[in-house]
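Next up: some structures, all given as structure tokens.
Both complexes shown next keep subunit A, but they swap its partner, so subunit B is in the first and subunit C is in the second.
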Partner chain A sequence: MIDCDVHNGWDSARVLLPYLDRSFRDYLDRGELPGGRDSFPHGHRAWLHPEGYMRYDTLPPSGGAPATDYAYMCEQLLDRYDLDYAILLGEEGMEVSTLANPYYASALARAHNDWVLDTWAPLDDRLRISITVAPQDPEGAAAEIRRVGGHPSVSQVVVTSGSQRPYGDPFFHPMWEAASEMRLPIAAHLGGQGGVNANPTGTGPPTFYWETHAMLCETGMGHLASVLAHGVFERYPHTRLVLVECGVAWLPAVLWRLDADYTALRKETPWLKRLPSEYAHEFVRVTTQPLERPRNPDALWTALDDIGGRDMLMFASDYPHWDFDDPFTTRFPAEWRDAVLDGNARALYRLPAARPREEAAGAGA
Partner chain B sequence: MIDCDVHNGWDSARVLLPYLDRSFRDYLDRGELPGGRDSFPHGHRAWLHPEGYMRYDTLPPSGGAPATDYAYMCEQLLDRYDLDYAILLGEEGMEVSTLANPYYASALARAHNDWVLDTWAPLDDRLRISITVAPQDPEGAAAEIRRVGGHPSVSQVVVTSGSQRPYGDPFFHPMWEAASEMRLPIAAHLGGQGGVNANPTGTGPPTFYWETHAMLCETGMGHLASVLAHGVFERYPHTRLVLVECGVAWLPAVLWRLDADYTALRKETPWLKRLPSEYAHEFVRVTTQPLERPRNPDALWTALDDIGGRDMLMFASDYPHWDFDDPFTTRFPAEWRDAVLDGNARALYRLPAARPREEAAGAGA
Partner chain C sequence: MRVLDSDTDGRVTACREDELGDGERLLLKVGRRRIGLFRVDGRFFALHGVCPHAGGALCEGPLTGTTRTADDFFGFEYEREGRVLRCAWHGWEFDVESGQSLADPGLRARSYPVRIDDGAVVIDLRPPRRTTT
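Right after this comes the complex of A and B.
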């Protein structure tokens, strides 16, 4: 007899290390991996960070993964930068969007939310919670928003920017309706590539991690255009869209294009009453990390100013990830600082007015 | 007997007109259609322009389709604007990229090229020809570039910006190799959505024509990133990438992101010797139509100046399409005009130096 399908195993993929060229040995030895037995189930992306996407210095001295130790997070982030509030977005939880099974995805999202409200919310009034939902299950997402969206620590809903379709599509309207009813923004956070979700560019699959990471801004653009064109904020005026980690420099270019194309062909979307850029200015907020760095800073701020960017940008660090923006060294124009570092987020998330205090030494200077 | 699959027909889809609401009656009556018996075979896009994408005033008085009558093209474009040269890109020919059968696609491209060289090239020395290839058949594309790329009227190769994968991918290298050998740029022209090609955004299928049209800039971004990351210009230094009709305002934002991500993770692409923006400045050119229109023009030009945009932009009108940019009314900064309206294209396409002449009244003023 001949058996023509037998699988030979290994205990660890590390057996391949001696057989790899040095540059790829480095990927396999130190890079991002889909995870073992205790990892969170999600469709892992095909673009693996060659060193893993954590800042090595965020590993807590007490052991465990980055950003799992509250005291160390205080030391490295909340106290160090004297933050009034930190919007927590979890880590892998939002990646439920990549799963084919929408019921399992919603079940994992519910478990994630109960865990984060049980264990993180009570720790510190400065921590504000984002609840995760599975957008591929819009009715389940709506039910979850209504179930936990009223918890006093909850400030927003989060989904990945990777998706099967753009979020303005009627398929997702139950999710927007529930968010509006609960007066919560929905944040589309960079991620969720892989699994059942679309490729992250308009040209099919890119190749390298750095190439892909730079191009992930395209996911933010696509959702922005879709949500504006479908008139989500005409239908559901008490929610907002927050684009997290998609960058900000592209925003003027895309809004100029959307305004021009809408103006020419507005008969396609008769439910809109204002220009796309006008809806964006009122209903869309964009976090700053990773902030683009032109040779001439005016090249960024002059463009952003043209679309009222001072009212739309909100500071974010992305702690504990590799491309962290440090509040002490990230530069904003002096007349933008109060709005971007504080005021815009405080208004969006309806956080109490800041107490007068000493000027934090160097913060955002 | 019961036959459970019988098809009832109509002579024309116009039978549906009385049954449609007014706004969609307009789409069906006046909008873009996939075409009848004599149309060119391609996988038609799912995003149909609600009025068709031609300027109505370009229909020749002699009958026929827009831009089919040479004398009328002279009257409306070449003579009216006193053009030294016009780079012809054909019309539907490049859409062969959407076909599943790469051999048929290449055969249609060859026929298209022979037709355009037979009928258009001899008409006027001002007309420069772009030969079409089927990128999904890279060896066939390379053979076609070598077959007709040496014709004295040929100035570049054109493919659609819609594609199955980004054009830096090794799959496409035979096409780049042949273009470099023949000293021809490859233009990726907006289009080629539909058929076997990728959805035009990084979030799955958008919905409306105007939304999609604004977002088609994402196809240009994806190819730009891919071609730079794969080091196409290190391997094939005698070709260039021209992005046609993808807009220009996003270019600084994307290059800033690419530079930052490359700098952080350049070990992934050790064949690169310079920053992505430095390769782009030397090897990538971008046509200006549809030129974005900020409220404050400086918001556009300051950003473009940061990446050396004056050396990269080339004027284009998109005649005879609906969103034509008129050379008399499109505004460029005074110190950019010579390069953008003339010098950059003349250098790229190796066209003879301009003869001294009277200042064309008003052109680009």
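Right after this comes the complex of A and C.
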């Protein structure tokens, strides 16, 4: 089983100091910080979770913040659910997208990547790393993807779903080009709703945390439509888009709409050779958490099946966050389980084939 | 986590009455069952430790209060201080006495009867007796 959304944290963003470019080290060391000495520089969301966004039981007994203690992460997640792989996405690092200064944002992303490759990647072969880039600096993001994208632990590039414009926009193409060259997917993970980024929904700012959280799927819809319309995968066929934590139930409805409108107005985007839904089926993957739970579960799977959802969905728990999905209790149709809990992610991230369970248990090192 | 056995009658003696202060809890494992015992205003309540939402650690979240709307609709009034248990996973709110979900009338965490027997706190794990007429 592969978990495609696991967060690894830190107790203080000052862990980045030794990794940060000398010119920017003073910014983090002595510069203004939004949340005090140990905080990470980013434009914070205006929607504050009234209980904090961590599961209450994830505080490590050793002290420190949730998901900072590898042993406790093993106990609560990796070993408990017998995961083959966990795709780490960091915690606040991807929020560099909210900063106005693209050079500082890219320097922080580089420091984050060197830190995570130095400290987390060597801990366990089951941990796979998502490298953070600053999308508001597309050339810097491209350079960073080429710099560390070949590290054997690196499985993908991650940016926030909050952005200044949708990711298919030609402004971002240097980032897609580099990802395609390095054979890496780009994941847009829920977040980055603050700073210089656009409002999370098109109507203007929502009010409450739960209202906003439920509607953040809209950012996923916007990026999906944009990368399909701009022909990102025609131009850069060796990358993929992964939508993380943006919901899945809307996917069929949006693809049906995109197909219909494209069919009428194909001439606006003559570079496309196939229907949007066909590109999506081949090039877009969507993580399941937090999985929508209709009263009749079949309502979800019937609609998803129509667009080939079994090939597109990948299980994610979002450990240690408050909206965690438990792989043992989250229901998937029996015929979908192998693909969604394992096979789709294994193919996307080119992870070694699963060993039969008995052999895995019997094998030594 | 205190590991205990139940007696043959399906009762378990969890602790002495004075072991828990108000607002405190004891997490128990009785056989394969997890239970949270809470003391609220001198009374004891026991809830099944596995959350009815998605199997999370129900009894490890904060015991707190909550808000209800004030008479003018848009106001907030704080109420039920120390009587609302928030699940440690997704934070769903349950009444610590009845196990009733605050948001969903159709959802309830299992609660066990508790009595004080000569200073000992005894939880009754037997399935609720069906009333036959």
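Everything that follows uses one rule, which is that the second predicted complex is superposed on the first by the 323 of 365 C-alpha atoms of A that agree within 3 Å, B and C clash if a C-alpha of one lies under 4 Å from a C-alpha of the other, contacts with A are read in each partner's own complex, and residues count from 1 in each chain.
What we mean here is this: a contact is a pair of C-beta atoms (placed from the backbone, for glycine too) under 8 Å apart; a residue touches a chain by one contact, two chains touch by 3 or more.
All values reported here derive from a predicted model rather than from experimental measurement.
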| item | value |
| --- | --- |
| Touching partner for A:324 - first (subunit B), second (subunit C), both, neither | second |
| First, second, both or neither for A:225, with subunit B first and subunit C second | first |
| Partner chain(s) touched by A:205 [first = subunit B, second = subunit C, both, neither] | first |
| Touching partner for A:309 - first (subunit B), second (subunit C), both, neither | neither |
| Touching partner for A:56 - first (subunit B), second (subunit C), both, neither | second |
| First, second, both or neither for A:257, with subunit B first and subunit C second | first |
| Residue contacts on subunit A - larger count, subunit B or subunit C | B |
| Contacts on subunit A seen with subunit B and repeated with subunit C across the two complexes | 51, 322-323 |
| Complex contact set, residues of subunit C against subunit A | 54-57, 60-62, 86, 88-91 |
| Subunit B residues touching subunit A - in the complex, by the definition given at the top | 23, 26, 49-51, 161-169, 197-211, 213-219, 221-223, 225-226, 228-230, 247, 249-250, 252-254, 256-258, 260-262, 264-270, 290, 292-296, 298-300, 302-303, 305-306, 322-323 |
| Interface residues, subunit A side, partner subunit C - complex | 51, 55-57, 322-326, 328-330 |
